[in-house]
């Protein structure tokens, strides 16, 4: 089909000429998903570490809940965040629906369980005696936690990458809470859906290529991380 | 790798900065936000991409265009989640007004619906005078019909046409619902070589770019007119709606200047305009 | 135990797990410059004791004092841990360079950069790691990783150092070299040390005191000679390598020259026990001499038996022989004499050992 060929050639023209609209959408995607990943890192890492390093009744149930949350369908998150953010919903007074902030919130909800689950797993996978060794080396509690996080940094980074990869390629929540408003909440995925609907295949392909590049970069880093081992 | 980790604090700082920046812009724009719930056809044709920036520049409002089906747009209006609607589902609109959800319904423009089909026209409906006859022929030939099935204005119109033809297509083998917007449904019909009802604007815009291989089978019947109204959501029902903005947008849509832009939109690209301005006219004058 | 100044004291330690007492130590202490070896079977509580001394083990009761001052608050425990170091069985290195690993304890203590550099350099040098300072800890061999973990522990200049089987699973030459390095530094610096080990020769060579543990209790402690040659009970005797342990009864006592009747023979030994006393006779295998034919007058051994080889097993440089001399007896012979004597299973031999090589343990009569 020449539509595809033509689409690709135009797509690369758009990319090569750094088309303003395409660039803006890509940057917004990076910003929104990056922020969501960052917030999920802060929440997921701190709560995950706390859960991994302490024992309390109901811990197993909590870990199961977190692991289930790792596969939260974005549209479900989108729906619930929408309901919360509706003007006449519980958080309506914040007037956040159809803003980039709303997408950040929804994507944070999607990515947080991923980061948290990976954090718990990574922390529990560290050698059992490592905590004792660190304390015996003269570490305070805080220093110990920090060193454990540093030791688990590779799987943690893998978790962060997985979270980022998940939210940047997610469309359901973004379109529901963001509304795909031009130049404001239009991200790579929602723009791709819309441009395909409009028949602007060149634009859609250009956006897809960027999305693919992001996903490739994420997976490249993931693979790189997974091929490293812990020291003896 | 370690170098990346050393740079991490920098990234974090950057992200936080941009976070604060984006949050603060959304706060600043808060008073001026206007949520326009509209149909996919106005968005997919590209008309709003032309009109909205002008409106924003003139008034200082920031318009969040949420493009959904007419049905969902009116649902948003009913719940006070939108400030102003630009829709094309007259029967539903009348009910919406009667129930008191909207005020100041104004006629903006029209284009028309067309029945499209594959070039080989398996159901032999080319040139049929009325849509009702065409639908009867399609049903008889068991020819594939694609419906949007999304409660949009187009879907509502299609349902009315089937009703007029005395056909209940639900559950028929030849009747498939895509659940997608106009542009996407056109793409599906092109791929599957099916018949469908589409608005002329989206068809022209899309056919120019994608060459669908679908041809116009039925057109010109008054029943096939596709009429757009702008409706302000009733602030008495929902005090939180931005009625000042809604009023401004409605006024903008029927202003002389905007009507002029509508009358020329797409002329250059497609040879004929995609919409016809109707501000100030009575619906009856359109032959309804 | 010499009357030295106590460094670390432990009193009334009790650790319960799942309602069972796994460790019960009424009192334990470590003196200045002392080297203690903790030996005992798996699950004896050696590691638990070590961790308890650093406050790293949840315990029911127990107090630790360091240089006479009680260690109770978290700050005091932290202070104690910062004056000590611990090397565990696994090197447990951090995922960074060799240099960073060795520096980690100093960094935690907030030592300045230049000071860290010079201290780390010293210990990299001592453990022959200087050439791999910038290598990733991930790329080290097992022996190298142990050296890094030792250097990391010594770099903090500890007053006390704890080793929990630091050389397990290492090949003998590496083990030997590391033990010597470690021993030298401990002596040079006057560091007190506690070593948990399975290896008796290691314990014998380095320690001033050996503490034998079993089932959460200290069974015996004393100088290596005292523990090795005078085990207080059958368990210790077995554990420290008394291969031959015979049940017997003192037949007569003439001026501390004892004759003990065991099943299948009589053994001469020395002691104060009165006739009729129920005892164990413990004989270390290396003290038993095996000859073919009657040994000539060269032997001063008072005990002399004819017997037969039942089983031959390799034991490193030695061969371990199970003999039947009317009673079971175990002896070590070198490979050299094994060949010279042309030994085989079933061969008739003579076994002899000195009266002083027999260690008597009291036995409760059944």
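Observations on the structure shown:
Each chain gets a letter, A, B and C, in the order it is written, and its residues are counted from 1.
Note that in this section a contact is a pair of C-beta atoms (placed from the backbone, for glycine too) under 8 Å apart; a residue touches a chain by one contact, two chains touch by 3 or more.
If you're wondering where the values come from, they're calculated on a predicted model, not measured in any experiment.
Chains that count as touching both chain A and chain B, per the definition above, do not exist in this structure. Central chain by Cα centroid: A, whose mean Cα position is closest to the mean of all protein Cα atoms.
Ranked by distance of CA centroids from chain C, the top chain is B. Between chain A and chain B, the centres computed from C-alpha atoms are 32 Å apart.
Chain centres here are Cα means. That of chain B falls 86 Å from that of chain C. Centre-to-centre separation between chain A and chain C, using Cα means, comes to 54 Å. For chain B, the set of residues that touch two or more other chains is empty. Counting only residues that touch two or more partner chains, chain A has 153. Chain B contributes residues 1, 5, 12, 15-16, 18-19, 22-23, 26, 30, 33, 35, 40, 43-44, 46, 49, 52, 62-67, 79-81, 180-184, 186-187, 205-207, 209-211, 238, 240-241 to its touches with chain A in the complex. Those residues of chain A that touch chain C in the shared complex are 127, 129-130, 132-133, 135-140, 143, 147, 150-151, 153-154, 228-232. Chain C meets chain A in the complex at residues 51, 54, 56, 78, 81-82, 84-86, 88, 90-95, 104-105, 108-109, 136-138, 140, 142, 145, 152, 156, 162. The residues of chain A lying in touch with chain B in their complex are 3, 31, 34-35, 38, 86-88, 92, 95-101, 104, 153, 179-182, 184-185, 194, 196-201, 224.
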